[in-house]
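To start, the structure under review is shown below, and the notes come after it.
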Amino acid sequence: MTYQFDFSVLLPYWEQLLRGCWLTILLSAISISAGLTIGILTALAKRSRFTTARIAAGTYVEIIRNTPFLVQVFFIFFGLPALGISFQPWSAAILALSLNCGAFSAEVIRGGIDAIARGQYEAGTALGLKPLQIFRHIVLKPALRIIFPALSGQFVLTLLTTSIVSSISAEELTSIAQSIDTLTFRSFEIYIVATILYLTMSFGFATLFKLIDRVYFSYPVK
Amino acid sequence: MSVNPDQRSRASASADAPIIEIAGLRKWFGTFQVLQDIALTVARGERIVICGPSGSGKSTLIRCVNSLERYQEGRLVVDGYDLGAGQKNIDTVRAEVGMVFQQFNLFPHLTVMENCMLAPMKVRGTRKKEAQELAMRFLARVRIADQALKYPAQLSGGQQQRVAIARALCMTPKIMLFDEPTSALDPEMVKEVLDTMVGLAEDGMTMLCVTHEMGFARKVADRVIFMDAGQIVEMGKPEPFFANPQNPRTQAFLGQLLH
Amino acid sequence: MSVNPDQRSRASASADAPIIEIAGLRKWFGTFQVLQDIALTVARGERIVICGPSGSGKSTLIRCVNSLERYQEGRLVVDGYDLGAGQKNIDTVRAEVGMVFQQFNLFPHLTVMENCMLAPMKVRGTRKKEAQELAMRFLARVRIADQALKYPAQLSGGQQQRVAIARALCMTPKIMLFDEPTSALDPEMVKEVLDTMVGLAEDGMTMLCVTHEMGFARKVADRVIFMDAGQIVEMGKPEPFFANPQNPRTQAFLGQLLH
Amino acid sequence: AQTVESIKKGGVLKIGSQVSQVPWGFSDASGKLTGFDIELGEMLAKDLGVKAEVTPVTSSNRVAALLTGQVDVLAAVMGIFADRQKVVLFSRPYTTNDTIYIGKASANIKGWNDLKGVRVGVPRGTPQDIAITKAAPAGATIQRFDDDAATVQALIAGQVDMIGGAATQVPNIAQVAGPGKFEQKFIVARAYNAFAVRPGSREWADYLSDFVARKLASGELPALYKKWIGGELAEMPKTGEGEAALPVSMVQ
Amino acid sequence: MIRQFGLPEALAILSGVQATILLSLIAFVGGGVVGLAVALMRTSERTWLQRCAGFYIDFFQGTPLLMQLFLVFYGLPVLGYKVNPWIAVAIGFTLHASAFLGEIWRGSIQAVPRGQTEAAYALGLSYASRMRNVVLPQAMRISVAPTVGFMVQLIKGTSLAAIIGFVELSRAAQIIASATYKPLLAYGCAAIVYFVLCFPLSRLSMRLEKRFAVKT
């Protein structure tokens, strides 16, 4: 092939690309935080003694896990307006990403909670703590510690999933890269640069999670 | 024997009623009956040691006293609160009964100090500063105040068990339950935990203790109870109990223990 | 004492050389020295009990004999193979040395029988049928043949430990190592495991056993070794060792143990 | 470089076409690919005396598919733009493609200047996208979607007020959303679609230009236009290169 | 010219399921084989093997699958290697799946208590039989849930193969969406098919978890 790589074409767009990175990071950070919260609550609901809560949580998790993300986004953005609920592209994207991240995290977190020894609950009960207090002060942190590596992986996946929200016109790195592609027709260069940017961001996220792991979960275990 | 009659009478002087009353207690796990018609009355300040073969229901019995297990039949009254009568009583009783487990069950993500502060702050609403002082007082009591800022995993087994005792004491319980508190320990560490427990006993704490440490039973117990197959088979003062057990099952068991 | 002089001399008649020779053995974990200049010679058929406080290096020492740990200095020869001299020897030696762990370490996904058959089939290339017979023989030897088709989780601790012993025996090892084989057991189950070990000792098996069961040591040990801080501090026949320890550290330790 | 000779020898013409762009390329009720570009490609293959083989491409991978030799030629709703001319070689245009804007019938919009506070949806990478991106009307929010279907859906769902599209879409939208709700607001530009080949394949591009000229003269190309797009095929430049072939703006 | 959404349209979407299943199988097999190798390297005692596997995992976990596929299919020809689309998806999905499965299985292998490996050492078992007979069977139990979880994601991830011309479920749905202007309906149909493919897997994972749990 005689294709001549020319990355200089992209130079005028560096500010846009950086903006794309920033938007992607922002989108991921918000969705991951919300997803973590949803995940914890759902994991709790799945272990609750109320059947309704268990069924609701189970249905939510199964529906989200077994259908493509694109459909979820489409449903929120194109489908809900028919019911009179309308979201801006970014809000729709955040909602979809959070729900998605939450469902996958819930399963991981449930595994962590299951791994906490019964003795910990009993010690809490014997001290007179209420079930929610036991969960919040005794179970949660050790449980998260156990599954944090898996959870980090899930979060990095959420970062990569953000690229799909370009299909409902939410602005982030992929949509910006595609727009630049439209103007320059330098698909290879754009894809390579975008790949490197995604790689950098996911490395950054992974490193951040490792750091959190080291600082927040630093207590020694046997 | 170091039972101090003065202290004992003082403790029971405040209220003459027994602190624990168990009558006709029956419990099943599914179709399997773990507790068969248990009757036991414990006076304030009394120290009771429970022994018996594995699976005989010792743990289940003392876990009932703390409502960690529910029972199906009978009556169980702790410090005047009937445990059959609802959640409210259960919560009150749990805060008044301290429990020490075989596996310590310290919270690994909290320091020794934080382990001790958690329940006073969350259950009693004690302020942080006071909870700290409380924790330090009881940690000093079990001679481990210097380890207050370490995490459980950084302590030896014996130290961990002493922290577990201090943690229970921080709720200033009226009764302490011990479920084989030394059987997960190395031989050397057993002694330091037993010493701590002897100290507590000398202060007049009401204690129910599942253990096979006969030396400890001889030293502090007011009564020794032998359980087998969910029943209290024999009960008595330590000296006659060990020297001259009446029931053949007790005899066989004590024989094995001292092989 | 049930040492059988006939058996012993027969065992060593086949080869007069000692079965284990340790000289100047030193080992570090990072900068921390766990073993300091250990010297020990074990004759064929000899039974040795090792005791000492926690962290003194008992486990590390016997794990070195099985090459579960590497050492940095000194000489360690097992049945004529120098463990310092390469991977080849290590594999040969491991197949000849059986080990029983405190935590049993049975393979939970295999039945009792399969646990015993695995190593003979994979290491020795024994055929399935023969491996089964072998397994049954040794399971019968530890009186547990009737449990052969159960999974480890379905057995009591004492039964699990006896399976672990049978599993090691199936490789017909020349030496058996035991690392606190009874300390994870309930008091009652200790006895059945100790009985099994006494039986082995009576058959003339060379044994290195870390344990604090003094009754067992008195009954079967040819020598008792006391370790402290990575050193062999005292060594001798059980009777004088227990009755009249020389070293002050040994005295203190034994004093605590028999409180 | 690609030569006419080598294609004839191979017996197969690999054409890259979009397959989700009504009426240019799409699958009909029986699942068969059809549309303006598809039939044009078949016509071309017949002209060469070879078999046509359609490779589906999308607007985001069509250039890559061409440059890496997955296809011999693109007939993929590809308008001629200056930047694209730097990357590929265009034949002379074979059709016009009018970029229009469609909005609610009730809205009073006549040109870029009326777009303040209006949300405009466009399919990403299309002439509509390029036109509005270039014009960048003050106060308008531009939302880019993956394809026409999503863009139209956004309009119908009320997520945007107006979309960029082609004249051919107005009846389609009426069919889905009900008649009279949406209408053409204004024509933005007329782009010229052409075959695209790899740079350097001059002889192959010349053959394609000649093919277009012959089919224009024979009336087959205007007939194709009438069948799929409707109306008369307008006058077009005679080359795909240089400024002459670039889109002509039709609004102020 | 726009089509109504009817049975033929639904069937057209359904026809994409074949490619989806085929692509998924390629990804499972490629990712499984290479992933196991990566996991074994990552848990080996040799530091350099660990490092290599660690880098491999970090790199391919961090790269969007879409970009991987694009670069393999359109990038390699630029460097002079022409690739068949099936080979491209095989490479792309294998790299992606093996990185994730490798990491999942590494975790499971390391979650097997150390005593198990030591007991195997003490019996003189070789590396192969230590892994095959002792560690991996136990690791499998732990890894069932996350493995199936990832497989479900992978099935949905095969939709990215559309970028190099595969017409699988999602792409088929997109084509129908364009022909009917009914994206919600078309993608909804695809979602139902995905659900039918994935949900049994989720159930299976729960069943397997319980089955394994009984034994231990």
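General observations
The first chain written gets the first letter, and so on, giving A, B, C, D and E; residue counts start at 1 in each chain.
Everything that follows uses one rule, which is that contacts are C-beta pairs under 8 Å (C-beta built on N, C-alpha and C of every residue); 3 or more make two chains touch, one makes a residue touch a chain.
Note that the structure is a prediction, hence the values are computed from the model and not measured.
The minimal number of chain-to-chain contact steps leading from chain C to chain D is 2. The fewest steps needed to get from chain C to chain E, moving only between touching chains, is 1. Of the two chain pairs examined here, A-B and A-E, it is A-E that is joined by more C-beta pairs in contact. Ranking all chains by how far their C-alpha centres lie from the centre of chain E, first place goes to B. If you average the Cα atoms of chain B and of chain D, the two centres end up 83 Å apart. Between chain A and chain C the centroid-to-centroid distance comes to 52 Å (mean Cα coordinates, whole Å).
If each chain is reduced to the centroid of its CA atoms, chain D and chain E end up 37 Å from each other. Within chain E, contacts with two or more other chains are made by residues 70, 74, 77-78, 183-184.
Across the assembly, chain B contributes no residue that touches 2 or more other chains. Residues of chain A in contact with two or more other chains: 1, 3, 74, 78-79, 187-188.
Shown are all chain pairs that touch, namely A-B, A-D, A-E, B-C, C-E, D-E. Partner chain B is touched in their complex by these residues of chain A: 117, 119-120, 122-123, 125-130, 133, 137-138, 141-142, 145, 217, 219-222.
Against chain E, the residues of chain A that register as touching in their complex are 1, 3, 5, 62-63, 65-71, 74-75, 78-79, 104, 107-108, 111, 149-150, 153, 156-157, 160, 163, 187-188, 191-192, 194-195, 198-199, 202-203, 206. Within the complex formed with chain B, the chain C residues making contact are 53-54, 156, 183, 186-189, 191, 212, 215, 253, 256-257, 259.
Chain B meets chain A in the complex at residues 66, 68, 91, 94-95, 97-99, 101, 103, 105-110, 118-119, 122-123, 151, 153-154, 164, 167-168, 171. Within the complex, the chain E residues that touch chain A are 58-59, 61-68, 70-71, 74-75, 77-80, 100, 103-104, 107, 145-146, 149, 152-153, 156, 159, 170, 183-184, 187-188, 190-191, 194-195, 198-199, 202.
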